[in-house]
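Before anything else, here is the set of structures, which you'll find just below.
Look at the two complexes coming up: chain A is in both, with chain B in one and chain C in the other.
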Partner chain A sequence: MIELRGASRWYGQVIGINDVSCTIGKGITALLGQNGAGKSTLIKLVTGQLRPTTGEVTVEGELPFANPSVQSRLGYCPEGDTFYEDMSGRQFVTLMARMSGVAKHEVRDRVAQAIDLVGMNDRADTRLAGYSKGMRQRIKVAQAIVHDPDTLILDEPLNGLDPVGRRQMGDLLRAFADRGKTVLISSHILHEVEQMTRSILLLHRGRLLAQGDVREIRSLIDRHPHRISITMESPRTIGPKLLALPSVVSLKYDRANASQLELETTDPERFYSEFADIVLQDRANVQTLYSPDNNLEAVFKYLVKG
Partner chain B sequence: MSFGELLRWTFWDVLRTRKVVMMAVLASVGPLFAVVMQLSGDQVNVAGYSFVLQVAVYMFTLVLLSIVFGCSAIAGEVTGRTIPYLVTRPVSRTKILLAKYVSAVIIVSVVSVLACLATAAIFGIGVIGVDRVLKDVWVIPFAAAVYCAVFVALSTLLVRPVLPAVFYTFAIESWVSLIPGDFSKLSILTYVRVLADHEPPEAGAPSGILEMLSNMSPPTITTDQAWTTLSLIAVIALTVGVIAFGRGEYVPNEEAA
Partner chain C sequence: MSAPNGPIADLSYRNYDGPKSVDGLRWWPIAKNGIRGAMRKKFFWVLVALAMLPYLFLIIQMIVLNAITSRGDDEVTRNLPTFIQMLAGAYGNTVWVMFVALLVGTGSIAADNRANALQVYLSKPITRRDYVIGKLMSVFVPVYAVSLLPMLIATSFAAFDQGVVSFFQDHPLLYFKLFVVAAVPALAHSSLICGLSAWNKTPWMVGVIYVAIYFFWNAVSMIASFAMRNQIGDEAAITLRFFSIDGAISGLGYRIIGSMPGQGFGAARDLFPAPLPLFALLAAFVILGVFLCYSRVRAVEVVSG
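And now, the complex of A and B:
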């Protein structure tokens, strides 16, 4: 279990995290926040790279800073993708396995297993310098899980992965968590981690903005009027029908783009269902449909204002 | 992870292609100097060997290699952004630092001793004398141990330690010996010179103010004092390095911001 009690970290005048208190238990917890929100600082505090300026951070009841006892149970996948570039992926994972305390006689099998789990069997023996971003992410995850740690901390591990890679990574982390391990994963993309876990921590400008089940936070957001932008042929024909829906609060046509309209709804799910019916009835040709509010930035704006 | 394994890894890290080329270039300076002197017929004797050793090997090859390998020990991991892999592992930071130090000392010593032997071979070991060469062969590793300790310590304290290290060795060390008084005692090179005990270059045409300044502060350090002082410098520097690395937070600046 990871615990932060009133933890703050300042870099001179710059704030990293400010008075954060939370408990992270077994299973997957997503650490969400925009760039500069303090996610990496929180992760560095938990992995013992930094000490809190005030407050306390513990992992399984121990202070993590330069503490081999904690570090032997931690697996860490850093955000940056720099390595010892002249090594092959296998050499790198082997070095990290030995440094993490994997016994000499076990190391070969453990490394092979970790490399297999991240799907890097075919490229593990080529130099890291030639790896793509996605391959680097996979090798970073392999070195983090090679010693089968109790707690796995991953800083933006889905960056650079293609959709298939993301799904594989999600499956891998879920399987890891299903074995009773703690997984903390940071991301700035809400839907990316929503598929992996419901438990989230939301950081904004160094402060913990929300913690808990993503669905509860979603429902909070959904009560806030959502903007939905639609591009379609003849929007003025279908516009009055949309405005008549009880879930629609307002509607406006885009003067610059005759095929676009934007509306506001207080119940997005209901609107999407009703909208589908209208489109089918009128055989309308919808080209795009998206919600500018359905992203993390909008969540922050809403929660900060709320 | 055992110290031996760590040492093997640090060796591997040090002996990368680009660094090997750089080592070869630095090691060839002394022998090239010797070849030029041989061809020009200038000081083809013990004095010539002493001159080349002092200027090319002690003041250049050994010092520059110590800067390269010492300063990159920890600061290189920070600027290369690989430091998180080291400081989040259950390996004692002292062990990591000492492994990096020992590998730096061994490599700097081996390359500098090879440069010394090649220089001696060019001048002719028979002319110089085996004892003279052997003395350099064991003073060089000691000097490497001291310089590397200082630069490794510097690399735990500064993110970019190369500039201060170069400033110290090529600005301060070169000039303090010319300042009247005891300022020369601030230079590691002064003590190394006492241990190496090379003959001063043969008297030639007066070099003006530099020679005058040099004569105003004749060396007053004994061999025992040199041994003790250099040993103390190495021990203190390593202690500082171990404490700094053990307690320091190593996060690349741009990440912290």
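And now, the complex of A and C:
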């Protein structure tokens, strides 16, 4: 478990993060924010590379700054390609394993397993200079998990991966989290992050803007009514009844698609209940119903861009 | 185990329950990696061979001198250089050792700066001190080995050639001295080159700067010593002559070995530079190098102002 209590970090006059308090528990948590939001600063505080200017950061109850005891239980995958180009992937992961304190007689097995987990068996003995962006990303993740850390911090781990690679990486991280580990992922690929977790931590200009389940957060954003898109037979018959509902703010028909309508509601839970009653009453044939802005991207947009 | 390019998630994952060492020689993996990296370079071995050449000549010299001595001409034999004098002469050819140090050391920290690798290293259970020691040792060990091994080989050849018992009676502490003297170039080069490397992102630039400082300083001290010799006297002038990186390395080495080749001071073959200034200079190199490393090695760039 990672805890920040009133943590601030300043670089001279520049704010890294400002008075951030939050708890990051086991499972996957997505760390979101625009460039300069403070994501990297938060990661460096958690990985013990920086000391907070004020406040406190703890990992599993211990202060991480320059604390080998914490760092031996923590895996970190940075955004940049931090490699010696003339080493092979296996040599790099081996070095990282030794630096992480893995016992000498265990290193070979651990390295083989980490490389296997990220699907790099066939290229592990090739020089890093010849690696593609996606392969570099995989080998970076391998070095982060080689010592089986309790806490895994990944900075943009999906960058450079193709769709299949992203899905595989998502599977790997979910499997890791399912073993009771804490996984913190910084990413800007929101729809991919959403496939992995609903738990988010949203930073904006150094401050914590939101934390928790993305749907709960969305439901709290009152100033942006939820959009709901419905595909059904004869929407113009049922449309007036929907518009009469107190929870519905507006309704429009799709000119291009005669069977589709889109409405806005301030209270989605109540609307869904009332909508079910109307559908049963009118024996309406509903084909699809979804909310296009009940997702991470919409939450991010509404919270950050207003 | 998954097949190549197979699904990443593997249910056969085995938790690591072995020890995680956070004590002891945490710098060793870094040092070992640097040493291995150096040994993988072909050019390293070329430079090692070149650094051994003076000692190869020393061995050839000994064989030739043996032939001369065996003729029994006492007049000629009396004027021949001793093994210690020849050893000092071979030791004085320090330039190849410097090139070995450059090859090993210029990229030691600069390459990490360039790749921003410190972020990863310092997130591991090692401290900044471990990292700096590891990097220093990754340069020190190869340079020390390249300095020491040829001296040991040449000395062992001389010992067997002259008779082991009589050789050790004549030079009881020589082997011990060799272990000490080899540390002098290794200390100076490793600390200074690592220090420069910590403040740069381009290894070749580190090399250019170090070579420039090395030769320029050497030339200045040499010119100054000759220019001021009449005013300050022979003893101070010879110390001044050795007051540079190259000078401190060779001067201290000559003091420890107990002989030095002529330095253009006529018959002043036994006129050594004063040890204290040279030792202070060597200590300053080490302190400066470590300080430069330690002040620069950070996981993040700190924005100020």
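The definition used in the following text is that the second predicted complex is superposed on the first by the 220 of 306 C-alpha atoms of A that agree within 3 Å, B and C clash if a C-alpha of one lies under 4 Å from a C-alpha of the other, contacts with A are read in each partner's own complex, and residues count from 1 in each chain.
We take it that contacts are C-beta pairs under 8 Å (C-beta built on N, C-alpha and C of every residue); 3 or more make two chains touch, one makes a residue touch a chain.
Everything quoted here is computed from the prediction, not taken from an experiment.
*Asks:* Could you classify chain B and chain C on chain A, in the superposed arrangement, as clash or fit?
*Replies:* The answer is clash.
*Asks:* Would you sort A:G206 into first (chain B), second (chain C), both or neither based on which partner it touches?
*Replies:* A:G206 contacts neither chain B nor chain C.
*Asks:* Tell me the contact category for A:G89 with respect to chain B and chain C: first, second, both or neither.
*Replies:* The answer is neither, since A:G89 touches no partner chain.
*Asks:* Mind working out whether A:D122 is in touch with chain B, chain C, both or neither, as first, second, both or neither?
*Replies:* After superposing on A, A:D122 lies in contact with chain C but is clear of chain B.
*Asks:* Could you say whether A:S69 touches chain B, chain C, both of them, or neither, answering first, second, both or neither?
*Replies:* Once the two structures are laid over each other on A, A:S69 reaches both partners.
*Asks:* Pick one for A:R51: touches chain B only (first), chain C only (second), both, or neither.
*Replies:* A:R51: touches chain B, not chain C.
*Asks:* Should A:R174 be classified as contacting the first partner (chain B), the second (chain C), both, or neither?
*Replies:* second
*Asks:* Which partner, chain B or chain C, touches the larger number of chain A residues?
*Replies:* Ranking chain B and chain C by residues of chain A touched puts C first.
*Asks:* For the superposed three-chain model, which listed region of chain C (94-102, 148-156 or 166-174) is the one that clashes with chain B?
*Replies:* 94-102
*Asks:* Which residues form the common part of the chain A surface touched by chain B and by chain C?
*Replies:* Looking at chain A, the two contact sets intersect at 11, 14, 44, 47-50, 66, 68-69, 71-72, 74, 76, 78, 80, 82-84, 86, 95-96, 98-101, 143.
*Asks:* Which stretch or stretches of chain C touch chain A in the complex?
*Replies:* Touching chain A: residues 1-11, 13-16, 18-22, 26, 29-30, 32-33, 37, 40, 111, 115-117, 119-128, 299-300, 302-305 of chain C.
*Asks:* What part of chain B is in contact with chain A in the complex they form?
*Replies:* The contact residues of chain B facing chain A are 1, 5, 9, 13, 16-17, 80-82, 84-93, 246-247, 249-252, 255-257.
*Asks:* Tell me, which parts of chain A touch chain B in their complex?
*Replies:* Touch residues, chain A against chain B: 11, 14, 16, 40-41, 44, 47-51, 66, 68-69, 71-72, 74, 76, 78-80, 82-84, 86, 95-96, 98-101, 143.
*Asks:* Contact residues on chain A for chain C in the complex?
*Replies:* Result: residues 11-14, 44, 47-50, 66, 68-69, 71-74, 76, 78, 80-84, 86-87, 95-96, 98-103, 106, 110, 113, 116-119, 121-122, 138, 143, 147-148, 168-169, 171-172, 174-175, 179 of chain A touch chain C.
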